[in-house]
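The following blocks contain the structures, represented as structure tokens.
Here chain A shows up in two complexes: once beside chain B, once beside chain C.
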Partner chain A sequence: MNAIFRSWQGALAFLLCLAALISLPLLTADAPSPFSIGTLALIFALTIGTALISFTSPPAPLLAAILFVGPHLATWFLISGLAGYEGKATMAFFLLIAACWLLAWRCVAVLSDMHPKLKGGDTFLRLLIPAIFGAWILILWEAITRGAGIPFILLPPPSAIGARIAGSVATLWADVQQTIFKAVLFGYIVGCASGFIVAILADRIAFLRRGLLPIGNMVSALPIIGVAPIMVMWFGFDWQSKAAVVIIMTFFPMLVNTVAGLGAAGAMEQDLMRSYASDYWQTLIKLRLPAAMPFIFNALKINSTLALIGAIVAEFFGTPIVGMGFRISTEIGRMNVDMVWAEIAVAAVVGSFFYGVVALAERATTFWHPSNRGG
Partner chain B sequence: MGAFYKMPMNEHSSSVVSARKLGLTFETSDGPVHALSNVDLEVRKGDFVSFIGPSGCGKTTFLRVIADLEKNTTGEISVNGMTPEEARKSRSYGYVFQAPALYPWRTIDKNIALPLEIMGYSAAERAQRIERTLDLVNLSGFGKKYPWQLSGGMQQRASIARALAFDADLLLMDEPFGALDEIVRDHLNEQLLKLWSRTEKTICFVTHSIPEAVYLSTRIVVMSPRPGRVTDIIESTLPKERPLDIRETPEFLEIAHRVREGLRAGHSYEE
Partner chain C sequence: MQQERLLQHRILPVVTILFIIVAVWYVAAVFMNTPFQRDLDRRGNVTSTPMDFIERTLSQPKPVLPAPHQVASNVFENTFLRRVTSNRSLVYHSWVTLSSTAVGFTLGTLLGILIAVGIVHVKALDRSLMPWIIASQTVPILAIAPMVIVVLAAVNVTGLIPKALISTYLSFFPVAVGMVKGLRSPELIQLDLMCTYHASAAQTFWKLRVPASIPFLFTSMKVAIAASLVGAIVGELPTGAVAGIGSKLLAGSYYSQTIDIWAALIAGSVLAAILVTIVGVVAKIVDLAMGGRPA
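Our next item is the complex of A and B:
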């Protein structure tokens, strides 16, 4: 009984398999069954077998391996059997997918409880667990869209999006070059740098600090939808107008955060510099800027996502026939939703990579901050 | 300030800090606060002067006026024969704060190098001074650590090393051991005395511990609050060589008693 409680996912999966067995076949009657008796038996053997093994307690790595192979192999048979019969899956099909999902859940649970002694093993687990987690989002997405025959326009299956990405590498690459390498990078660097420089000026010159900051807060509330077409009028259709939008979006977070960061150094630390008769620039470089780094990196991280959004949305308002925002707005009009999803996927990957690079730089620079120590 | 005050320099040629009728009033929204009033004090070269009193008596404020971190509103003060501002600009004192105030992004070595970098010492000179001062405070071998990897007592020792790294004859210490436990504090007091006799610096030391003040000082300045003022100045009769158990001797207890009386007098004046 204890074993069943320990692996309640296995118990539930077992029950789902029995329910699936009763409600066979896997596809509706009007589809000539593509599942041979052999395949069907294999799928059931894999799921029920894995569910039963999950009640026993072999060594954790072995158990995890069985729990990994069994349900994923069964899922692969199930989904590949769908080919040509989209929208014809029955209750039994989804019950089996659910059973496999529960077993994979059990697999992740077993993996999460493992504490490998080797350092490499730990890293491997840290990557494997979210990978299984993410893979199941795609598997469920694939099984539901194809099994239930959800219209392509509403939600294409991930396999179609993947195929589209693989088939349009050249187009996607051109779009990334136009939007990311030109508009986003240029705008991000110029926007962040100018925000930083103006923050230093505002720190030195009281009237800028008193006058500019309140107005800065107002400008940062400007709607990008309103600004983008005006920037297109000013700077033309090419990437320069998108870079301008990115500059406007990234300038003020950087300005406000840097000004706040420059005030972050403690009174005692500042008195110490004063006792050394340190001048303004020495105090700035040796004390106030290092103390401001957590704030500055906060702005860099906020801006890394803002820049991407700004550049893509700005392309909706006029652009040469290349760019991620342009592609999304035109392909949605032509009902090529798989291409839209492909652009979304590419933007997500590029955005995560961008953010990751900034986060790594942050860890290297502010290793001393209490939130990063020992990490 | 800015003006150079005429001091009886010939009388006190070895005077390091000299205050005449010194007063400091903070204007607050609740009206003026008299942090210091009518303070007359002479600190001679090589003295170890402790300032003791309840909170609000102006002992820290007085130290900050010497350091030119606050400006006196009345009276005169000279530091090394100069105004406090000139003394600060000529880097004539090292200041140890209540907390170590080490920069967490710098190693201990680099923290000690901080004043040396600002004052323009060469790299070779810096390395040599870091090694020497780390040895003075018994922290050799910890130079590559970050401050947050050390205990509170070690951090405070590192901050003392930082104040000793450059050539200032005057060391201003504002309750440097206030946050540490009794055992660590005893140990650091003993080390501080050794360091003082080895370096022959003049030390102004703010504390609110009577045994600490009596154990360390050649002179004890007793202060009392509202307005902050000096109520008694006690010359210590203890020898320069002081083992920790000198604190059990009748002589020590007698001085401690006088300090306590002075503190009590300051309080009863209030009620």
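Our next item is the complex of A and C:
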């Protein structure tokens, strides 16, 4: 009884499998059965078998491996059997998918309780667990859109989006170059640099700091994105106007965070620097800037997302015929929804990559900070 | 004495900087509008003194950069002098944006709290969901704003809800992250005390974790409400929404009504300031009601 309670996901999956058995077949009657008896038996054997094994308690790595392989293999059989019969899945199909999902959940739960001694193993787990979660979002998306035959316009299945990405690499690359390499990078660098310089100035001149900081805080809460049409009007349709929007959007977070960071060095350390007779710039470079680094990187991280958003939204107001925002707004008009999703996927990957680079740079620079030392 | 300090250290610098901004704005307006005005004068064969010329650069109907007083008078006119039901009234447009902001913010806050409670209590969720929540914010969510609206329009969901959903998407993140931090903020020693009282998980949650998380909740709600306003405005941009601050911006950019664009921007900013202030005031009231002492 205790075992069943421990693996309630397994118990539920088992019940769902039984319900699926009762409500067979997997596809509606008018589909010339694509699931052979052998495949069907294999799917059920995999799911029920894994559910039963989840009640026993073999060594954790073995259990995790079985829980990982079983449901995913079954899901793969289920989805690949769907090819050509979109929208014809029955209740049994979805019950089996749900059972597999519960088993995968159990797998994640087992993995979360593991504490590998090796450092590499821990990193692997930290990557694997979110990866399973992400994969299941895609699997459910694929199974529901194709199984229930949701119209392509509403929500294309991930496989179609993937095919579209593979099929139009050239267009996507041109868009990325226009939006990311020209507008975002230029705007990001100029915006962050000018925010930083003004922050140093404000640090030098107390009056400026007292006046600028409340205004900066206030502006951070404003919908700055609204200046996009004005910038397009001033700087034309090409990437310069997008870069201008990005500069304005990234300036204030950088300013506010850097000023806050420059105040982070402790009074004791500053006194020590004074007793060394170091002047303002020496104190700044050797003590206060390193102490401000966590704040500055916080701003850089916030800005990495803001910059992408600024550039893409600014393109809604007018662009040359290339660019991610342009592609999104025109392909929607032409109802090429898969292209829109492809563009979003690319934006997501670029955004995560951008963020990742900043995060890595942060680790390299602020290795001394408590949040990075681990433990 | 203290009032004097407040005046010298707080108000004076801010006012000075604001004054400088307005002055720079005027100068910039004169310079940016000059080429067009010179062109206009040459065609109309008007010769004028420099003073006259400057005055006319500051009163063009469609200037490159409208002067502050033009924007101010436009805002005043469209806010106070029009009936609030008129579709030129800024109050009307702000109301439309405000309503979707409010719905989106409410949904986003609830969703964020729900996710945070899940993450704090279910270990599998903590390890699998948290990285994705952070990753979801590296995605330029606003890029899917037009997508969401078109998709929902295809299933006959139009009007308030699609915009509110975008606001929800933008506002759940700060709340979720802040609440996870807040719900975990009780220290081990306090949790141990609850343990010695033989408190159940639910009791620990309601009597220790929730009160400890309230300051975090309000801090993140301030960020979230600003984010959901941005979401609502961008949600009005793409598919020709008929009303709202975003549609006002778009219409202004189509017809080069620069003064209208600036007026809409001001309206959005005022709205943002009011919303953030409201959250701040509520935070203070709740803090006092919970027995917080003024710092």
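Criterion: the second predicted complex is superposed on the first by the 353 of 375 C-alpha atoms of A that agree within 3 Å, B and C clash if a C-alpha of one lies under 4 Å from a C-alpha of the other, contacts with A are read in each partner's own complex, and residues count from 1 in each chain.
Convention: contacts are C-beta pairs under 8 Å (C-beta built on N, C-alpha and C of every residue); 3 or more make two chains touch, one makes a residue touch a chain.
This is a predicted model, so every value here is computed, not measured.
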Partner chain(s) touched by A:204 [first = chain B, second = chain C, both, neither]: neither
Partner contacting more residues of chain A (chain B vs chain C): C
Partner chain in contact with A:282 - chain B first, chain C second, else both or neither: first
Which of chain B and chain C A:363 touches, first, second, both or neither: neither
Partner chain(s) touched by A:268 [first = chain B, second = chain C, both, neither]: first
Residues on chain A engaged by chain B in the complex (per definition of touch): 266, 268-269, 271-278, 282, 286-287, 290, 293, 366-370, 373
List of chain B residues in touch with chain A within their complex: 67-69, 88-91, 93-95, 97-99, 101, 103-105, 114-115, 117-119, 146, 148
In the complex with chain C, residue positions of chain A that touch it: 105, 108-109, 111-113, 126, 129-130, 132-134, 151, 153-155, 207-212, 214-215, 218, 220-223, 225-230, 232-234, 304-305, 308-309, 312-313, 316-318, 324-325, 328-329, 332, 337, 340-341, 343-344, 347-348, 351-352, 354-355
List of chain C residues in touch with chain A within their complex: 9-10, 13-18, 32, 64-65, 123-124, 126-132, 135, 137-144, 146-147, 150-151, 154-155, 222, 226, 229-230, 233-234, 237-238, 245, 249-250, 252-253, 256, 258, 261-262, 264-265, 268-269, 272-273, 276
